[in-house]
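Provided herewith is a single structure, encoded as structure tokens, for subsequent inquiry.
Each chain gets a letter, A, B, C, D, E and F, in the order it is written, and its residues are counted from 1.
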Amino acid sequence: MFRHVKELQFDARVSGPDPRFARLLLEQFGGGNGELKAAMQYFTQAFLCRHAFPEKYDLLMDIATEEFSHLEIVGATITMLLEGVNGELKNAAERSVLSNIMKTREERDELVHQAGTSPAFLVLSGGGPTVTNSEGVPWSGNYVNANGDLTVDLRSDIAAESRAKIVYEYLLQFTDDPHVQESLQFLMTREIAHMQMFTAAVDSIKENFPPGVLQGDPRFTHMYFNMSDGASARGPWNQGQGPWGSGEEWIYCEDPEDTVRESKGLVELPIKGSKHSEDEVRRKNAEMSNSRSQEIERVTSAGENAWSRYPQNTLEPPALKKAS
Amino acid sequence: MFRHVKELQFDARVSGPDPRFARLLLEQFGGGNGELKAAMQYFTQAFLCRHAFPEKYDLLMDIATEEFSHLEIVGATITMLLEGVNGELKNAAERSVLSNIMKTREERDELVHQAGTSPAFLVLSGGGPTVTNSEGVPWSGNYVNANGDLTVDLRSDIAAESRAKIVYEYLLQFTDDPHVQESLQFLMTREIAHMQMFTAAVDSIKENFPPGVLQGDPRFTHMYFNMSDGASARGPWNQGQGPWGSGEEWIYCEDPEDTVRESKGLVELPIKGSKHSEDEVRRKNAEMSNSRSQEIERVTSAGENAWSRYPQNTLEPPALKKAS
Amino acid sequence: MFRHVKELQFDARVSGPDPRFARLLLEQFGGGNGELKAAMQYFTQAFLCRHAFPEKYDLLMDIATEEFSHLEIVGATITMLLEGVNGELKNAAERSVLSNIMKTREERDELVHQAGTSPAFLVLSGGGPTVTNSEGVPWSGNYVNANGDLTVDLRSDIAAESRAKIVYEYLLQFTDDPHVQESLQFLMTREIAHMQMFTAAVDSIKENFPPGVLQGDPRFTHMYFNMSDGASARGPWNQGQGPWGSGEEWIYCEDPEDTVRESKGLVELPIKGSKHSEDEVRRKNAEMSNSRSQEIERVTSAGENAWSRYPQNTLEPPALKKAS
Amino acid sequence: MFRHVKELQFDARVSGPDPRFARLLLEQFGGGNGELKAAMQYFTQAFLCRHAFPEKYDLLMDIATEEFSHLEIVGATITMLLEGVNGELKNAAERSVLSNIMKTREERDELVHQAGTSPAFLVLSGGGPTVTNSEGVPWSGNYVNANGDLTVDLRSDIAAESRAKIVYEYLLQFTDDPHVQESLQFLMTREIAHMQMFTAAVDSIKENFPPGVLQGDPRFTHMYFNMSDGASARGPWNQGQGPWGSGEEWIYCEDPEDTVRESKGLVELPIKGSKHSEDEVRRKNAEMSNSRSQEIERVTSAGENAWSRYPQNTLEPPALKKAS
Amino acid sequence: MFRHVKELQFDARVSGPDPRFARLLLEQFGGGNGELKAAMQYFTQAFLCRHAFPEKYDLLMDIATEEFSHLEIVGATITMLLEGVNGELKNAAERSVLSNIMKTREERDELVHQAGTSPAFLVLSGGGPTVTNSEGVPWSGNYVNANGDLTVDLRSDIAAESRAKIVYEYLLQFTDDPHVQESLQFLMTREIAHMQMFTAAVDSIKENFPPGVLQGDPRFTHMYFNMSDGASARGPWNQGQGPWGSGEEWIYCEDPEDTVRESKGLVELPIKGSKHSEDEVRRKNAEMSNSRSQEIERVTSAGENAWSRYPQNTLEPPALKKAS
Amino acid sequence: MFRHVKELQFDARVSGPDPRFARLLLEQFGGGNGELKAAMQYFTQAFLCRHAFPEKYDLLMDIATEEFSHLEIVGATITMLLEGVNGELKNAAERSVLSNIMKTREERDELVHQAGTSPAFLVLSGGGPTVTNSEGVPWSGNYVNANGDLTVDLRSDIAAESRAKIVYEYLLQFTDDPHVQESLQFLMTREIAHMQMFTAAVDSIKENFPPGVLQGDPRFTHMYFNMSDGASARGPWNQGQGPWGSGEEWIYCEDPEDTVRESKGLVELPIKGSKHSEDEVRRKNAEMSNSRSQEIERVTSAGENAWSRYPQNTLEPPALKKAS
């Protein structure tokens, strides 16, 4: 259950209206890296953790709830940056009054132009936020990444926070308003904090690489295919040990066309670079499958199931009634 | 600011997994009439009320917050209906174990088929909800109607609740699970309650018809154009007084083609049916413009602006600093 | 079957080109509250009425057809507001001629800027309308609400007309052109007229509240949950009788968190506020189910079926051949 | 202006319900090659022809209107194929009655399954069509191609009819119902007829290749780049005269990588294959620019403009008042 | 397999930054008629040709690969037109330095305005291209037409090239930069060349009209329905022989309403205009079905299947192992 | 420039048709974590690296090109899994032949059902892949994350590979076909390899945390807000040093509501947990801004600009001509 508190988490203020910046700021209201995306991503990921990983559930719901609170800050700021539009639109008949404010066509055009890069503010939302990005593109459920595996989801979250951070960094360069800057600074900083939380969370999972359960096929894990002709660069991503374990190294395939033809479509490629045999991989896969499915199945009910205890004063899920 | 409470608003339970109903239920998670749509609609509408109409702001935020809480109930139910999928997917290597459960290709197909109408549960979300409707179409920001005028927004809300109600009514007919039925019953009932709240709210606005500020042109308000040939029906929507004021009535245009040609594209159409003259309309428009814009402009700041008081223990907006 | 008549329903004219207003006006061509949405909504709703509710079918098709006619007016106006763009683009080679009109880069930029807020007019549609809203977002089938129940659909239609009306009201404030204003005035007025038609139609349905067939659970219909902390407002939407029947009233739940915990997730909540017992609700549900399904099943054919009589000079559906 | 005629253009009938085929048929209601797309494409293209090319305007509006009439046939057929769903859903309370029809969970599942590949029919539209394709994806305004040039638009229309034809051809293979087959046969045939109309129309335009106004750069028109290695095919699309004028031929570039490097990114490529010099192209461009822009500018008004005459009993546009 | 070559196919250059034109040019990067659409359309169509029509496969992959190469040219040009934006954004803290460049709010606004019609360049992509059209609408998979029949697909391709050509023609009129003009000229010309290739390819298919396999119903192929009232035009698309065979002609239906009523919904319409009987059509359908399915089934494997030979030095598919 | 090589990078084979798995596999063709997304993401990110970070450009283009090659493998596999559909559809007339294969309605339904979960294969693509995910949702340009900063983009890439890996892991559990499993195994393994490459690449950037240029506000970086009531979990993400530098630690805010009210919306919050002062942050911001903008501006041209050298046999960009 959610509760709403009338105060904003951060004291959002503006020095005056600025319809054009309101439009840019929409990127963090209804955009692909914005607050709604973040909130919905962590909220959606949380469901599968509820019973099996209550600690991560608590983390994801804490941050999801904070992101909803940030969405409110962004929406409040946009609304204040558009201050005046709604009242003016209500004065619908008094074209004479309107003329007092905007005497010439140029002046009216100027208003259109000002906010006009977002016509939706003028003719659709009447001066409030829209659930779109700064281009007017509606928010999409496909912004949300939730894949049912914490070693994957938390990496998606680190990347999401990373993108949200850079968008605030860019936004900061398009406003002079010290109040708005302070709010953006707060919001940007929280993305950094969340990144650290998610990093700590993924690190707290033993054996988090590769993500998921299955290991890679050792014939293909250490190969680098030089797919682009001409001058090529070498670095820790395609030569030497790189991020691999000791005694392992990248295998640089200079001419993929030849390699593919000679190895009958790579099928006959020998293991190189990796120290792991196919047998080891199979064993590891079996072991991981076993332990990872156990974590979840221990709280899985094939029969009746409930979500919460009342009150929920422990992290444990409600007592399960296993189907007989 | 939002807070999350670990207990669900309603005690959602299931009698056992049912992946196929989980799919249907997605309609209320990420569908066009679902809980996320409702929550985001009222939340977005609330921004423009914050300072000028704090009573309506409170109403909209109460219901928005309840809808977020309902979204959680729906997501929790979907997750419980998919119980087992996630654990089984983690057992990734043990194809032998998998074989124990699903010995034949037919049995595996059966599972695919069961949930398979939503392949996303199997190969994308790993057994959790997706932010889509029951067809897999991602939630879209264009589901949200927020037009900066309470006489419009509250009507949008009545209709939205109406649609959410019928979708729950339909859903109720596709599950036998008494626990799920009870949760759906609760959720359906709350849509009815919200409809009543929004109806009371729109009725509390004086002069809420026509919505917005401007009156209609009396030449065109009372005309009914019989645009479809053949047998035609008559009723209170095109004959007699209908919903009009006393002394007024519908004018039925039997043959629009002739009327249009004769009246030079309706421009020369006389006022009929209505008792209002064009002058009256102009006067009314001026009056409404004045009163409606005043309501908003009395709390409008052309200068510095803030959203909240700390603490916000009154409905009033923070003290405004008018720009000099 | 549709026919097209070369004359517009209303004599749309412009005083001269205005590419920028053309862009704003797109909101009513391919936008979420525009004429195409309205036309397609009523047209789609009409199908299920064809046989069971031929009077409402006639109403919906009359208005759908009028909305298609309005779509044509809007498209014609946009085209005239862009007058000149298409011809100029055809003069593709004569950059010298182009230079005569726009001597400097600034002047060309000015044209880009003018219409440029909609680049699609320049580089995609070549000066005609696009099936998008004013932000360039393509029209979407999910704008259409058609839910197979007239008590719901007609409410969706009232709300849709309400939104279309306010968008025209906003648009009216961004053009000085008296011809365009007159067209917008006509179009806005017709939305008001349609609202009244739909209101009369929903009122002509006995027992139209709650929409659909099923009654609410009396434990939850009259509850108002105060989900947002801090100063709260009271009004007819959460206190007193409000819109309820005599002897009934709102129950205000001050602290939902406590209530939820104490009532075990509301499951143990007693009926309050409502005069209806659960038994009454069951009875009413059975009665409504019976009468509502009868209305439809009396014209339902499990066997061969046809849509029209030739000629269709009565409201009745074609004679049904029931499957034996 | 549009009129609606109660009779369908073709007498659509069904032999009985078939919810699964109803779903497939959605492809032609709200799909990318369906009737709504066709109708809206020709309707949108027509606007720019209204004054300058009234003959093509008449053609486009005739076919657009026919496509709207076909959309009605498709929607009517879908509704009849879903016959029974709506009535059953209204019987919402009588789960006992429902049990009579579908005694076991398997039977209910069967129904869900039948139509269930389109859950929207069950829980969203209540048994009517949805404005989506057969996968449930909402119709999109970006299906419509209208680019402000008849040599382009008519080619888009030929291709659109071609796609619509093949989709009907595929659909015909998934129904046994002779009535439905006959309707599909009619609709498929009309796409062929329209293809012929559009072919005749594009052929009636002098100098319709290349489409638009500008000629190609003769250095690049006749080159074929062999971009894919391994065995390569030769044919009239890359050798000999192909579709070119007499004395012209394709130039086959065997090794694009070398050619690009040697010609400094093709900039230094000589004219080959083509008989046209750059000068000729420039002259031709000037000539075409002049004639094509004249066609449009002769009816272009920089001042007041109207769309229709009342009555519109000639093909001519209304008399223009040129701005002084 | 693809390879990348560091050099661009054409030497794309710019004379200096022009953020506004960068935005317009997005139409050809991520727009509905742009290079990504073209590349993905031919690439997707190619799959079904791989084994049955290897010559057409080669053609489609050659052009698809060239279009990917053009996508790179367009992206490179956009990036160079935005030169400066990325570097400036990195100077995030030095608002003083920023002030040196843009001393006043007006100047900053000017930059926002310049590129600002595409806010995504500033706050989302940081000065690189976005996978959207010029309005900021994300590229959509539904731009791609691939219908599993070369007589259809190649017509879609001719139309697609036609649209791509006109968009380049329009774009050419909004830049003065001779380097950019030269690149656009190259890209536009290649669309013309591709059109010719596709035309030659469709002409190389015997019996390519009507597209697909089935013939039209001769009752409906030659009818022209005059669906729009008022002054009507006649031309080769609705009178005389038009594009039909000798001895055939268009049948002009002056009053479709009457015709429909009299022919019982066209069911009783006699064959007119066409020389073909229903029997002939049936025979032709059988013959075409047979030959068209044979072409494909001769290379169809019901059992094991492979895609490539290693090396693939012949056009033939790998040897098939028919399922026993 | 791209080249295509007729051989697939991996020898994709199937043991026989399986239309249902073909549908699931679409998730990696046109889905949000599929090969097209990956290819387009790295390709789009590469543009801004071309001149300033040629080593990363080479890495991104190598992997982008490999992902296009994987897209081809996935499309080829889908096509082979649908083997038979296209040929059968061509046999359009021979309903008698069709009857031989599928004698009863049940058998035809079975085919519809088999592939039918993706009706598009049957009635739209004719047995080839569609540019959609497994639910039929068209690929969207908003899947691509490219934000103009390598410290952000490479994190997006790690997460993207992580998601692609888990989707292959899930897919592997829904096919028994050893050939398909081997291809999926190859593709899954390459995602792991790419993850390692991107990890090495981000680690090779000095000072890659926080991503972008600006440091966080030390008042807010180390705060953890306990936004969800009830039992709460503690771990390295909200207590102790966690991922922070030595001497630093998380500050756990137990009751955010109180904290917010007391600190006037957090504005008056003191620095806690962090060792950094606001001055240090400012200094660091200035330093980072300087170094990061220098990296880019050293190769930035305000004047003429080119993309490639011919030949491009060094990593260096073409010689720049600075605007005077």
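Here, a contact is a pair of C-beta atoms (placed from the backbone, for glycine too) under 8 Å apart; a residue touches a chain by one contact, two chains touch by 3 or more.
Not measured: the values here are computed from a predicted model.
Q: If you check the contacts of chain B and chain D, which chains show up for both?
A: Expected: C, F.
Q: Taking a step as a move to a touching chain, how many steps at least join chain A to chain D?
A: Step count on the best path from chain A to chain D: 2.
Q: Tell me which of B-C and D-F has more C-beta pairs in contact.
A: Here the pair linked by more C-beta pairs in contact is B-C.
Q: Have a look at E-F, B-C or B-F and name the one that copies the B-D interface, over half of its contact pairs being the same.
A: B-F
Q: Please flag the chain sitting at the greatest distance from chain A, going by CA centroids.
A: Farthest by centroid: D.
Q: In terms of residue numbering, is the interface formed by chain A and chain C classified as same (over half shared) or different (under half shared)?
A: Different residues, largely: of all residue numbers at this interface, under half are found in both copies.
Q: With centres defined as the mean C-alpha position, give me the chain C-chain D separation in Å.
A: That gives a centre separation of 26 Å.
Q: How far is the middle of chain A from the middle of chain E, if each middle is the mean of its Cα atoms, in Å?
A: Their C-alpha centroids are separated by 33 Å.
Q: Check each residue of chain C and list the ones that touch at least two other chains.
A: Each of 1-9, 11-12, 32-33, 61-62, 65, 69, 89, 92, 117, 124, 126, 132, 135-138, 140, 142, 147-149, 166-167, 169, 172, 212-214, 227-231, 256-257, 260-261, 264-265, 308, 310-312 in chain C touches at least two other chains.
Q: Viewed as a graph of touching chains, is the assembly arranged as a line, ring, star, complete set, or other?
A: Topology of touching chains reads as other, fitting no named class.
Q: According to the definition already given, which pairs of chains are in contact?
A: Pairs satisfying the touch definition: A-B, A-C, A-E, A-F, B-C, B-D, B-F, C-D, C-E, D-E, D-F, E-F.
Q: Spell out the residues on chain F that touch chain A in their complex, using ranges where they run on.
A: Listed in rising order, the residues are 5, 7-12, 32-33, 54-56, 58-59, 61-63, 65-66, 69, 137, 140, 142-143, 145, 147-149, 151-152, 155-156, 158-160, 162-163, 165-167, 169, 172, 182, 185-186, 188-190, 192-193, 195-201, 203-204, 209-214, 216-217, 219-228, 230-233, 235-238, 242-244, 256-257, 260-261, 264-267, 311-315.
Q: Which bits of chain D are touching chain B when the two form their complex?
A: Chain D reaches chain B through residues 1-7, 89, 92, 95, 98, 105, 108-109, 112, 116-120, 122-124, 126, 132, 135-138, 308, 310-311.
Q: Taking the complex as given, what residues does chain D use to touch chain F?
A: Per the touch definition, chain D meets chain F at residues 20, 23-24, 27, 31-33, 117, 133-137, 166-167, 169-174, 176, 227-231, 256-257, 260-261, 264-265.
Q: For a test of understanding, state which residues of chain E touch chain F in their complex under the given definition.
A: Within the complex, chain E contacts chain F at residues 1-9, 11-17, 30, 36, 40, 43-45, 47-48, 50, 61-62, 64-65, 68-69, 72, 75-76, 78-80, 83-84, 86-94, 124-132, 138-142, 144, 146-149, 179, 212-214, 282, 285-286, 288-290, 292-293, 295-297, 300-312, 323.
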